[in-house]
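Okay, got some structures for you below.
What follows is chain A paired twice: with chain B in the first complex and chain C in the second.
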Partner chain A sequence: MTIKRNLITYGIALIIILVLNFILPRIMPGDPLMAIYGDEALVAMTPDLEAHLVERFALDQSLWQQFYAYITAMFQGDLGWSYYYNSSVLQVIFARLPWTLLVVGSSLVLSTLLGIVLGVESGWRRGSKTDRVMLTGLMSLNGFPDFFLGLVLLIVFGVLLGIAPLSGALTPYSGLSGLSFVLDVLKHAALPVAALTIAHLAGGYLLTRNTMITVLKEPFMLTAKAKGLSQNVLKYRHAGRNSLLPVITMTGIWLGRVVTGALFVELVFAYPGVGQLTYQALLSRDYPVIQGIFLIVAISVLIANFAVDLLYPKLDPRVSHAH
Partner chain B sequence: MHISLKKELKQSHIGKAGIIILVLVITLAILAPFLSRYNPGQQSTASLLSPSGVHWLGTNQIGQDIWSQLLYGARTSLLVGFGVGIFSLILSVLFGISAALVGGLYDKIVMRIVDAFIVIPMVVVVILVAAYIKPDLPVLILLLAVLSWQGGARVIRAQALSLKESGHINASRTFGAGQLYIAWRHIVPDMGPILLVEFIYGVRRAVFMEAGLAFLGIGDPMLVSWGTMMRDAMKFSYLDVWRWWLVPAGVALSLTIIGLTFISHATESVLDPRLRGGAVA
Partner chain C sequence: MPRLFLAVLVISLLPALPACNDEETPASSPIKTYTIADSTGDWGYPSPYAHYSRGPGYVRMSFIFETLIWKNATEFVPQLAREWEYNEDDNSYTFRLQENVKWHDGADFTADDVVFTFDYTKDHPFQWVDNSIVESAAALDRYTVILYLNTPYAPFFQDVAGAQPILPRHIWENVTVPEEFLTADAVIGTGPYKLADYSKEHGTYLYEANDGYYLGKPVVREIRFVKISLEMTPAALKEGSVDSASIPAEVVGDLEGAGFTVISAPPSWNGKLTINHQKAPLSSKEFRQALTYAIDREALVQIVLRGHGLAGSPGMIPPTSVWYNPDTPQYVYNPGKAQQLIKGLGYTLENGYFYKDGQPLTLSLIAAADYKDVGQFIAQQLEQAGIEIEFQTLEAKTVDYKVGAWDFDLSIYGHGGLYEPSFLQRYILGEGFNSARYSINDELTQLLNEQLTEMDTDKRKDMVFRIQELYAEDLPALTLYYPISYWAHDGSMPLYYTMDGIAIGVPLTLNRMCFVQ
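This part shows the complex of A and B:
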């Protein structure tokens, strides 16, 4: 039942994404070819190429046929051609994707784990001074936009202290390999990951803290206490584990936020991921790349959300038995 | 649903702090022309000056006074924030309440579309659309509002569904009240606190988005914005200028968002009364 409903939701989301991507360049005033291919294509344009492109996009035919051509090309993995990079859009994006995945993946795991631990500790001590300080502090941190946090970290650790690299993902022309290569990657990723982790810490923290507060009032907590269990077992095995479920449902949404946060943070650190690619594509009006990034980011977030939805009933038997 | 929001806010230190911060930012934005001697757009040859009695926070790379940019930047942030907040709240109320009252297929369709929008990361949609249409201020406000009403509609629908069955609304129905009358005279007024919470969420999201988009260089380049200031200042971070250029813009933006976060946290207990009250065991 819920799976069917979810499928419909994700189906609609996918259609919205595809239609947006298809319709935007075509409703712009002026030559749609320009809007599909960007300024750079104009330089390379010859009558032959133009004829080829018009045919490729079925631009001389009805909107439905154009949409059909667009969808078939996409399912063949053809996201278009970037005249700026003179390479296929898929290749351009895939070359940048690993760096973004590294930063986004580490920040999502770190911020979620740290958020859960802080939330459990804070909720356990609800109303105490420690709780209030943590709550106020983390909510204030939540107010700092990730790119500003990144800039602050960059200035403090990169410019003032000089202990972190200022830009990039690797030391250029160093020819490092093995362990020193890994260390170099980690050194460059440390500040972007730290900025994203701190900026997204509050989500997991607030949610865990709120659930903790409700779970602590449950009768089974009293039973557990009456059994004489130690405090840590009470806190993490009983209350903490039950506070985990809402966090899991949110990870799909948080992934979306961390990914978009990474788009901004990469710009600060000149980190060669998808974020920087987006920025360059916006500057050079490389529309095929902008469209490709939109498609890949949006669909990845959809898939992650769907995976979470599928996983959730397995983790919480109450959900699957409810129907 | 009869909870006094005023009382809720007064009891919470965090809420009070949030209101003080927000009032401060609003005051600075309103008084901007009286607090600065320069027009924020006015350029001069004196670029990248250090702070002095003449230019309190120095000047930027094209000789504009940074202090007045900071003040007028508050206007942009607040205008986008409150504009989007109001528009998206109107859309949330419209779709949320109509879905709850009409029900049936209409409810199903609206809620499926709402759910679909919630799982699409909004920032990338805005980047894509903005790359094509290069929005000016009114278009940006509309664009952000159209993309951000969905979460609120869901909350408002849930609330309207439970209100729909309550005694006084059933009573008014027996007196012959129509759906529109019930929505406007009974449901909307009963939802006051929730509408305020949703409004503040919307404002906060929009302030954040406006700065982020300006930071990426999307949008009206002529608009004075904290995001644009940070983007320009970032290019000169190897100089000392970040001290009076980058940091003030970033702190102003963060403080505004923190103020809104504090207020929404204090009002959140309205949505979830379980979070209210003192310590437990």
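This part shows the complex of A and C:
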């Protein structure tokens, strides 16, 4: 029942997004063709090309027919053509996607796991010296934006110590292969992942710690203790698991932004991901690419939310009975 | 400018390293690898039809593909053509070609390839060259070609002969969609370098020397283009992982101190005040002159550009150009004179602002976010002179649209291409939003059109001089400043800026001939 109702909600959200993506370039001032294709089309527009594009987007027809043409193309995986890259938008984005997923994915997993463990440990010993040190330390880190941490790491490890590469995702033309190639990629990913992990660590940590403190006061914890369970079982299976919900929500939100979540960090490290692509596309006013990224981000947010919705009842059966 | 600040921070933290290549001074000894950094990285597959239509894209292509003639720092030099002459009676050029040139795949280069190229571009225009200029091409013998022009065209060397890459007939004759031709064959040229690798996502290029190059053996065995953010470029230069790169102005002194050679390009770009000269009071020439007197362009360069630029000349052509007319009226900053001119148009000054018929003199100023600082400066200066300014930053495309539809008073805009004076016609008479679209001065209009077909350079220069005087007198738009950009390198290669830019005017140091003996 719930899943079905959820699906309908997500379907409506998706339609709104698709419509917005269709409407926006058409209500911008000036020629919609220019709004769809931006600067490059201005440079390369010949009468032949213009006729072809008008036909392709059904621009000479009614708004409904245009929308139909747009939706059909969309379901065939056609997000448009980038004149800047002289390539299909989907191809341009997909070439960058693995690098972003590598960096953002690893830091998402790391920061969530670390956040939970530190939060559980800190909450378990609330008021102790360890707790206070962790709380103060992570609270202050929480104030720094990820790109700033990235710069600090880059200056210390890249510039001053010279042990980390200054930019990119791999050493160009190093002739590496196999294991040394993998190590090279990891070496390049280390600092961006560290910056993102540290920047997002505090969120998960604080949420877990707070819920942990509330959960520890629950009567069932007393029962568990009275049963004589070991400390680790108490900490993680009983208290920890019940503190997970808010962290999952937060991770879900962040997961939705996985595609552009590393925009600033990618810029700092000149990392070839989707964030870097977004920035380039804005600079060169490559509207098809900007729109394509917008669409992919919107759809990932929907998927992430949906996944969180599915995961909730598994973690806390009460959710499925709530009305 | 937080990014620039960070670059300074980074570089001030660096330990002072000795210059990387102190020992390797003689340029003739072969250099194994030369690495050039860039903050964008990817400029497209370096074939004539697949590179992105920006200067750095053309430059990457130009290491592989060559033109009939080329330029060094001071003049046009032979390239695929060893001699050429203009035939006035039939408005054609005869090119005698080099006879020992081979394509990278070993095939002979002949007149056939040149004729083919100009025929091919009729159906498949090369993005940088106006293919309507050459009416036809004919081969007289295996190594002589004649190009017949449609009309006399003064910038022919700059815009056509020195810009059109010559394609190998045996490869391209079967290519029907050149933009999608991305195989290894698509990068077979005659140039001193061959493409060994290109990575779109990492923004890297690897070139290796073409040892059979007809003008001499390339000194550098391997050229790499890599991607590094602007902030990290100084660190990468000092670390020695990069030999050459564009740098932020703030680190010039530091890098020079560390032994790097820093050069700057003659300005080729200008920031402009676009004026709606169709609308009162801006339709009055005196009013536009008053605006010009009211804006301190020297101070603008010092404050907004932090000194890294030149004040704009009202004749548009920068003072560094050979085409610059030193007698162009300059309207040196004089707010008193500005107010006097505005009063002459029937305005009265009350409480520091001008009024006419009880209405305050108010103008709108729109600009894209890129020009926010310049806009604020201009607004402040005009307010000081007594003109109320409503300044608004808008999304770039909206600004373009409003300017195109004459729905504005003042706007700020910039464009490049200030080398070969053919740009004057484009940016004064052209019909796009980026042009002043000013054709009511008959003498100016006539000169702008005629200078394009004047084949005598001295006569053309006189015309261009007169154009600057007329344009500066009428001021349909005002050039505010020319920014200066910097390039640092370790001195191992004698880099220079090409006369009037590479090909049609790319203001980069990377002339391929710097890398050949």
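Quick note on the criterion: the second predicted complex is superposed on the first by the 303 of 323 C-alpha atoms of A that agree within 3 Å, B and C clash if a C-alpha of one lies under 4 Å from a C-alpha of the other, contacts with A are read in each partner's own complex, and residues count from 1 in each chain.
Quick note on the criterion: a residue touches a chain if its C-beta (ideal position, glycine included) is under 8 Å from a C-beta of that chain, and two chains touch if they have at least 3 such contacts.
Please read all numbers here as calculations on a predicted model, not as lab measurements.
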item: Combined model on chain A where chain B meets chain C, clash or fit; value: clash
item: Chain B versus chain C as contact partner of A:137, first or second or both or neither; value: neither
item: First, second, both or neither for A:105, with chain B first and chain C second; value: neither
item: First, second, both or neither for A:21, with chain B first and chain C second; value: first
item: Which superposed partner A:170 touches (first chain B, second chain C, both, neither); value: second
item: Partner chain in contact with A:95 - chain B first, chain C second, else both or neither; value: second
item: Which superposed partner A:263 touches (first chain B, second chain C, both, neither); value: first
item: Most chain A residues touched (candidates chain B, chain C); value: B
item: Partner chain in contact with A:291 - chain B first, chain C second, else both or neither; value: first
item: Identified clashing stretch of chain C versus chain B [24-32, 348-356 or 366-374]; value: 366-374
item: Overlap of the chain B and chain C footprints on chain A, listed as residue numbers; value: 28, 35, 151, 154-155, 159, 267-268, 285
item: Chain C residues within the chain A interface of the complex; value: 6, 9-10, 13-14, 39-41, 44, 50, 52-53, 125, 127, 179, 197, 199-204, 206, 224, 226-229, 231-232, 235-236, 239, 241, 396-398, 400-402, 404
item: Residues on chain A engaged by chain B in the complex (per definition of touch); value: 5, 8-10, 12-13, 16-17, 20-21, 24-25, 28, 35, 126-128, 135-136, 139-140, 142-145, 147-148, 151-152, 154-155, 159, 210, 213-214, 216-217, 252-253, 256-257, 259-260, 263-264, 267-268, 278-279, 282-283, 285, 287, 290-291, 293-294, 297-298, 301-302, 305
item: Touching residues on chain B, where the partner in the complex is chain A; value: 14, 112-113, 115-125, 127-129, 131-133, 208, 211-212, 215-218, 230, 234, 237-238, 242, 246-247, 250, 253-255, 257-262, 265, 272, 274-275, 278-281
item: Complex contacts: residues of chain A adjacent to chain C; value: 28-30, 34-35, 38, 40, 43-44, 46, 84-86, 95-96, 99, 151, 154-155, 158-160, 162, 166-170, 172-173, 267-270, 272, 280, 285
